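Multiple structures are listed underneath, in structure tokens.
Two complexes are shown next, each including subunit A; its partner changes from subunit B in the first to subunit C in the second.
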Partner chain A sequence: MELYNNNDFKFTLIKNMGNLTEKLMEELNCETVFTIPVFGGIGVAESVVVTWIIMAVMVIAAIILTRNLRVDHISRRQAVAETIVTKLNGMVESMIGPEGKRYVPYLATVLVYIGIANIIGLFGFKSPTKDLNVTAALAIMSIVLIEGAGIYQHGVKKWLHKFTEPIAIVTPINILEVFTRPLSLCMRLFGNVLGSYVIMELLKIIVPVVVPAVFCLYFDIFDGLLQAYVFVFLTSLYIKEAVE
Partner chain B sequence: MGTLIAIGAGIAVLGGLGAGIGIGIATGKASEAVARQPEAEGKISKTLILGCALAEATAIYGFVIALMIIIMLK
Partner chain C sequence: MLRLDWNLLFTVINLLLLFVLMKMFLFKPVQKILDERQAEADKQFDEAKARQDAADGMKAQYEQSMANIEKEREDTLREVRRNADAEYHRIVEDAQDKAKQIKDDAVAEAENKKTQILKKAEKEIADMVVDAAVKVVGEKEGAEVDSSLYNEFLNKAGDK
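What follows is the complex of A and B.
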């Protein structure tokens, strides 16, 4: 017995694909939620609003966890806070080395932010890292920090001299690297988040039950956290290289 | 025109081939290394993740460019 007509099935599939293209386009251009009426109107995109939500969550969590800190007889809440901070600091510090200790708080914050941003899609929000502008901003912040760390550590003269190392002929490549590094950081994060989203949507059309849940574990949770780790890992690697 | 765009996007995604081979070789070598020196597992897996992320980037670029071809030329 045939449960459904084959042609019917094909038709639904094609119709869903059409919906997917529309949905994809909708996901790609980030619409403006509201406009601030100063200087001729500043548009506030959806990713900014979701970022505010993430910021609020992070700030509230930080406030709740760090209330009534004590040296002895610590509460359970303080133990949790201490574990989180120690683990994060240890993780970032093992990547960046002892010389880059000053940059650990920033990198840990970026790690937490991208981690939350990548999995916030599970809670029905549009994840901000799916917007190219957000990842571009993060990448630009990273490259400014990298070059700034180099200047701070060595001074302008030595920093400029570093471009000609190891031999003078590689100078153009070294200068090019200043632009390709943020580009690759930005595109990697954006492409990964968008790619896993597209694959999940395709999967949901073909097999609507059970299977997407399994893949969701990999694509939405594991891959999202891994990409946050990779972003911070690469940034700290570049900083380590710059301050050496 | 639509067919050409589809073919172009398909060719762009071929970049994933290199990433697949690269990550495969890296993972194979990493498991060899762990078998030889199980105590160095932490360091090896960290290096592996970094290598995979860098190799994966080519596939991601292919995907982004395919998407751009579809969206820009439509």
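What follows is the complex of A and C.
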């Protein structure tokens, strides 16, 4: 009897595991939502469509919040808008320093975007940051911004010269950094989101009650926001270094 | 999951568009309002400072004029006191002069009276002498007359 039960349990577990792999693969695969019929069909991924949704939400929220702005006797809505902007700017500025002030709006936008993208799974969408395309795009834009800021600040000559600092022998490593930095940014974000997703799915199968809720707070909300912060923090740090 | 394709480009475009839209609809207007408020606050601060300066200036001016008034008052008081002193001395001198005048007048009057009385007495004496002489001449002759005249005079004078 006991043996039977044990076998039965094992069977269920294996069956579930099979299902899990299937389900995980399905969830992890970023599906093509529709195909643009040019160049033999360009598939538009789910992540891009969800990004559109996030963009729409952010822009509509911004428009609603910034209607009828006034200097004094402000509405509660305006107070919220002002608080959000001041806090975001303050947060990013404290990371990037006063010299990189012009890059604050972009970084703040990215911060909010990644933050929403990471926790949008709670609303039933597939996180865009689970798609390597998105994190790669973010990382590439970051490195372009970093190097662009360096060129803007110092000019091409000094920017090139910076690769040989502090001593000439580190030049290959400095050049390598141009590629490793975005790669690490991209993979860190992607890996964290993917990893937390996989862990949550496993947890849901093994202990389906109460426990996932607690871990969800950490993996979905805290880690999601933390990764958004880390991404922007590192980009700010690199920009700060580049404009110094 | 691990695929890199056109969607990377789409995401870049999406992010750039999102950045532009957020800047246009959130960061720019709010920053503009914040700047305007800052400008207004600065303006008010400047105005308050200007007002404070003006008030300080007025206070200094007021204190200056108060000091002037005080000085003027003291000057006037001193002047008045000096004038009063002069007047006092003048009056006293006047009074003394008048008193002296009155005294002198009185002395002169007394002298006058005295002279008059003396003149009157002399006249009376002369009359008495004449009377006595008439009497003596009437009674006696010669040396007798002379001596009785003399006596008569003496008597009369002695009576006086």
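Here is the rule we go by: the second predicted complex is superposed on the first by the 236 of 244 C-alpha atoms of A that agree within 3 Å, B and C clash if a C-alpha of one lies under 4 Å from a C-alpha of the other, contacts with A are read in each partner's own complex, and residues count from 1 in each chain.
Definition applied: contacts are C-beta pairs under 8 Å (C-beta built on N, C-alpha and C of every residue); 3 or more make two chains touch, one makes a residue touch a chain.
All values reported here derive from a predicted model rather than from experimental measurement.
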Could you check whether subunit B and subunit C clash or fit when both are placed on subunit A?
fit
In the overlaid three-chain picture, which partner chain does A:W159 touch, first (subunit B) or second (subunit C), both, or neither?
neither
Report for A:F215: first if it touches subunit B alone, second if subunit C alone, otherwise both or neither.
neither
I'd like to know which partner A:I42 touches here: subunit B for first, subunit C for second, both or neither.
second
Tell me the contact category for A:Y229 with respect to subunit B and subunit C: first, second, both or neither.
first
A:V71 contacts which: subunit B (first), subunit C (second), both, neither?
second
Touch check for A:A108: first (subunit B), second (subunit C), both, or neither?
second
First (subunit B), second (subunit C), both or neither touched by A:M187
first
Check the superposed model and tell me the shortest C-alpha distance between subunit B and subunit C, rounded to whole Å.
9
Across the two complexes, what residues of subunit A are contacted by subunit B and by subunit C?
28, 194
Along subunit A, where are the residues that touch subunit C in the complex?
28-30, 42-45, 47-48, 51-52, 55, 58-59, 62-63, 65-66, 69-72, 78, 81-82, 84-86, 89, 105-106, 108-110, 112-113, 128, 130-134, 136-138, 140-141, 194
Flag every residue of subunit B that touches subunit A in the complex, lowest number first.
49-50, 53, 56-57, 60-61, 63-64, 67, 71
Hey, which residues of subunit A end up touching subunit B in the complex?
25, 28, 184, 187-188, 190-192, 194-195, 226, 229-230, 233-234, 237
Subunit C residues touching subunit A - in the complex, by the definition given at the top:
1-12, 14-19, 21-23, 25-27, 29-34, 36-37, 40
